[in-house]
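The following blocks contain the structures, represented as structure tokens.
Here chain A shows up in two complexes: once beside chain B, once beside chain C.
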Partner chain A sequence: MEIIIKSEQDNITALFSGRLDTPASLQAAKDIQPLLDQADKTIILDFSGLEYISSSGLRVLLTLRKEAARKGGKVIIRAIREEIRQVFLMTGFYNLFDIQG
Partner chain B sequence: MARSLKPKSFLGVFARQGLAIIITAAILLEATAFLQFYFSRRGIEQEATRRAESELENTEAEISGIMSQVEVAVKNNLWAVRNMLPHPDSLYDITQRILDFNPSVSGSAVAMIPDYYRSRGRLYSPYSYRNAEGEIASKQLGTDTYDYTGMEWFTEALTHPDGYWSEPYFDEGGGEMLMSTFSMPVYDSKGRTVAVLTADMSLDWLSAVVDDIDVYPGAYSLMVSRSGQMMVAQAETLVMRSNIQHVIEEIADKDSVSDALSRSMLSGERGRGTIHRGRSESEVFFAPIQKTGWSMAIVVPHHEIYGNVEKIGSLVALLQIIGLILLVMIIRQTAISMLKLRDVEERKEVIERELQVARNIQMSMLPKTFPPFPDRHDLDLYGVIIPAKEVGGDLYDFFIRGDYLCFCIGDVSGKGVPASLVMAMTRSLFRTASAHENCPDRIIGNMNDTMSEMNESSMFVTCFVGILDLTSGQFRYCNAGHNAPIIISTGGARALDVASNIPLGIEIDMKFEAQEATLRSGESLLLYTDGLTEAENEDSKLYGDAALLKVAGTIGGLSAKEQVDKIEESVRAHVAGAPQSDDLTILNIRYLGAPDAATDRHLVLHNDIQQIPQLAGFVETIASESGMPQGMAMSVNLALEEAVTNVIMYAYPKGKEGLVEVEAIIRKGEVEFIISDSGQPFDPTARADVDTSLSVEDRPIGGLGIHLVRKIMDVVSYARVSGRNVLRLIKKTQA
Partner chain C sequence: MSKDYGLDLHCRLILEEYREMVPVLERLKEVVLDIIRKDIADKGLMVTATEGRVKTEGSLAGKLELKGSKYATSEDITDLVGVRVVTFYSDDVDKIAAMAANLFDVDRDNSVDKRKMHQLDSFGYNSLHYICRLPASRYSDPDCPQLNEIRFEIQIRTALQHVWATLNHDSGYKSGVEIPKDYLRAINRLAGLLELADEQICRLRTDITDYRRRIQALVADGKLEEVALDSETFKSYLAMRPFDALNYRIAAINQAEIQDVSLQKYLPLLRSLGMNTLGDVDKMVTSCQEDAYRLATFQLGATDLDIITSTVAPQNLCIVYILRTGGGRPGLQKMFDLVNGESPANEILAEMLYKQAEELKII
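And then the complex of A and B:
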């Protein structure tokens, strides 16, 4: 699991790759700290490399989403794979995020 | 104690009811009898009164008729006397003529008032009478020795212009008989009384007339004169020697009643009265003879009047007593019969209760918890006995020994308690014989020998014994006269080939043939008793082997219980409510295949979250082995990770090491995962599902894991088995 964060002018892009399973989510919760810090901006989560996500991973994403909602930022998900989209649908997360493409 | 008290109180109730019935019956009978007696008595009394009164009337009419003749004779000759006054001797002619023309007149006189014919002396009275020869004789009555002027017939006639009947008297001078004289005054042309014309009437006939009164055999009649002289009486001696008071004293106890009675009679009244003499009573009916003022009476003893009705009354009373005694006996007999009947009923109830207990005991011998081996994934087993009303002798049994499933089904000949006892024995024999024996023919042989030795009641048992090798699906079996089981597979159903052999308990040392067959994974071996194939409908048509095979051919792929349910349904449809005459027993053994030894389908993890990637590898292997599509594999992986994470995080107290075991079973069309741990009891399925429609702010962080498991898996079930949490997850790999 790897998260690469790139900051631009008005938005931040986080590139997810690998499996966001339970152990990986523990690390990811720490890795997304920069995103939480800048949650007033537009955060783009690039899921093109994300192969798998567990409920722990979803919880990490929910934490970020809540922070953004609190600070007035936005969270956009891009390039989501079908399998991940299914998980988002099953859990109702699909409606919580701005999912593009 | 309660039982022994019951009949007693029952008898008490019955005795009270019986007593009430008897009293009511007695009251009714008595009332009827009394009314009947009362009305008959009244009727008889009225009849007696009517008869007596009519007798009295008739007699009076008869007497009056005779007396009238005398009166007429006197009246008709008054003018003759008046005309003949100047010729004293001619007066003899008149008296003679009176006798001549009136046979009932015994004497007649013309008694002149004293000194009427001075030439003839002071008294002159020509008199004619019938002498002893019956001829009419005449003489002059008035002599110095016979002064008629003081005689009643003379003196009273002077004051009775219409005539006067004298009191009866005994004519000692003339006819020597009881007489009464009718006399009338004779007036001359100047209206002066000059003589008294008389006619004597013998009262001899009166006695005959009165005696003729024949109302009742024991009745008698009386006639008394105005002064109370007895004129006619039962006892001749009373006549003229006594008066009515004496007579009544003679015939009745002296009391006010008889006094009043004689007063009434003497004052010329008509009526009736009762007199007592000792303990007997008599009824006296009396009426006056108007002309003379005499009183006539008929005395009837009560027993003459009421004798019959009293006899009938006694007879009725006797019959009533007999009837009441009979009633008492009948009620007693009925009570005893009812007691006996009740006793029989109670005994029957006791027997039925005991039979029910026997049946319960019998049923409790058979394994009835299904699924019997929840931990086993190679076996799906279901059995049922639908008992007939009467205790029967069907049985099935099974148990696992090592890698083998030992099973049997049997049917004892006959029904009732004997069959159930043999059934219990058969089951014990099976357990004993199969405890260490894997050859069904030897098990059957053992059972047969023991049963044949003990079989004094000639009961036999059809039986099928099988030993299934759970690792391979191979099974060996031996049949002893039982129905051939059916093998159900997804493609259809077929009867297992069985050597029929003879049933158990018939002949000792019989050799039974063992056979062998294989159950493929998913196939069922359906064992049943003839209660299934011989289930009858109302028209006595049997369900039959063909129908069973037909249904069995359509139920492959269902669980063991579902298959049995379908068969039951089919039989029930055939029977359509007709009473079940025999036990119906089915034992269905569905073999699900041995775990594949080539693949390690077992994973043990520590309660460490870092072990999750190992789980992912395990699931991936299983997924590819079972041929899951890629997407499904990922979600199954997700479900497994969620479930296992749950155990790792929560099953054991913090810092305590523990294990999580994951087992996978690949079957046709589905994969089953069993996740187990020895941690504290925790049922994840008991958690309420998360609400996925909540907004970002409201969404809780937790609870998603089990939600995902539920969403992804087709079956999620939790059980706490032998101190372990067992979570079973099944995913259908084919739609």
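And then the complex of A and C:
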């Protein structure tokens, strides 16, 4: 599991790759700290490389969403794979994020 | 070197007293503002401004030049410290006034309710002025007993009264220069208009509050079919937690935790499904919940996902309702478009759900 973060002027992009399972989520919770710090901006999560997400991974995303809501920022998810989209749908997470493509 | 305003000896003495008092006046202003702001916040009142000022030397000199003989000492001038509270609503003026009377010692003989001073055929400056002292029981400093002796003025007015007062001041209406009758008439008409607007704003707030109470009572009594579906009534309905029972059942599939999130974004969808009353929504909850639960079991049962959001119940209920009422794939796609925003992926999701529903014989 890898998260590569790129900061631009008005937004910040995080490229997720691999499996966001329970062990990886522990590390991911630390890796997203730059996103939490800049949660007043538009945060783009690029899921094109994300193969799997567990409940722990969903909780990491929830933390990010709450922080963005608190700071007036926004979280956009892009390039989500079909299997991940289904997970978002059945858990109700599909309603929580701006999912673009 | 003090500025010479050309005042007589008596007025110059008062002005000299004032100069020595300025630090105490500034402190009194801050203490009074702190007390008022804290009480307004504690009572949850909304005001547009709470501000204060110490009369400037130039302004005092002007006052003394006009009517200096009226004052024996600086203590007779009651507006050296002035605090103003500007409210949104006219009935809040009385609430703030009651609050001020409770906080400070009001000198009733010198306080004026200018709202009650109008003649039948005139309009104009409406505002409530209280002349007060800071009671030692509220705040005291043994090194500065003047804080409890100096009188100060509190003006309480609405935002529109404030607009009026500012316009009136800027127009030079009271400057002594004669204003043509046409202008006076225009000023009076404007004052009447603002007064009427203040009344209407206040009445509107009361009407809206009454409406909310009536709706809440109908919802509480279960008379949902009598309540039109709109953002206000949907909020009251959601306060009854109508989706909790289904969400708890769905969460129990995987012993999941439920993240509570806003469900307001389902309102446009419910309206697009032709639901006009809360009764329509409630009927959907009752009639579709078994199939909505079966759908959730089908989706989540084979996973170990142990977190869901509170949107799962309304989402699954709407899916079942759309399919039962013949909405088909386009109906499901429209649902995602309305709740999540338009996306090409919504068509794929609609197709997937349709197949699941066929398998479960929901259609």
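What we mean here is this: the second predicted complex is superposed on the first by the 101 of 101 C-alpha atoms of A that agree within 3 Å, B and C clash if a C-alpha of one lies under 4 Å from a C-alpha of the other, contacts with A are read in each partner's own complex, and residues count from 1 in each chain.
Criterion: a contact is a pair of C-beta atoms (placed from the backbone, for glycine too) under 8 Å apart; a residue touches a chain by one contact, two chains touch by 3 or more.
Bear in mind the structure is a predicted one, so any value in this text is a computation, not a measurement.
Student: Just to be sure I read the superposition right, which of the two partners does A:Thr42 touch: chain B = first, chain C = second, or both, or neither?
Tutor: neither
Student: For A:Val87, is the partner it touches chain B (first), chain C (second), both, or none of the two (neither)?
Tutor: both
Student: Tell me which partner A:Thr63 touches in the superposition: chain B (first), chain C (second), both or neither.
Tutor: After superposing on A, A:Thr63 lies in contact with chain B but is clear of chain C.
Student: Is A:Gln27 in contact with chain B, with chain C, with both, or with neither (first, second, both, neither)?
Tutor: After superposition on chain A, A:Gln27 lies in contact with neither partner.
Student: One more residue to check, A:Ser17. First (chain B), second (chain C), both or neither?
Tutor: Neither: A:Ser17 stays clear of chain B and chain C.
Student: Touching A:Asp98 in the superposition: chain B (first), chain C (second), both, neither?
Tutor: The second partner, chain C, only.
Student: Return the residues of chain A at which the contacts from chain B and from chain C coincide.
Tutor: Comparing the two interfaces on chain A, one with chain B and one with chain C, the shared residues are 54-55, 58-59, 62, 82, 86-87, 90-92, 95-96.
Student: Spell out the residues on chain A that touch chain B in their complex, using ranges where they run on.
Tutor: For chain A paired with chain B, touching residues are 19, 21-23, 26, 52-56, 58-59, 62-63, 65-66, 69, 82-83, 86-87, 90-92, 95-96.
Student: Considering only the defined contacts, which chain B positions touch chain A in the complex?
Tutor: Touching chain A from chain B are residues 609-610, 612-613, 616, 631, 634-635, 637-638, 641-642, 645, 690-697, 699, 701-702, 704-705, 707-708, 711-712.
Student: Looking at the complex, which residues from chain C come into contact with chain A?
Tutor: 256, 259, 261, 265, 296, 299-300, 303-312, 315, 336, 339-341, 343-345, 348-349, 352-353
Student: Touching chain C in the complex: which residues of chain A?
Tutor: 54-55, 58-59, 62, 80, 82, 85-87, 89-96, 98-101
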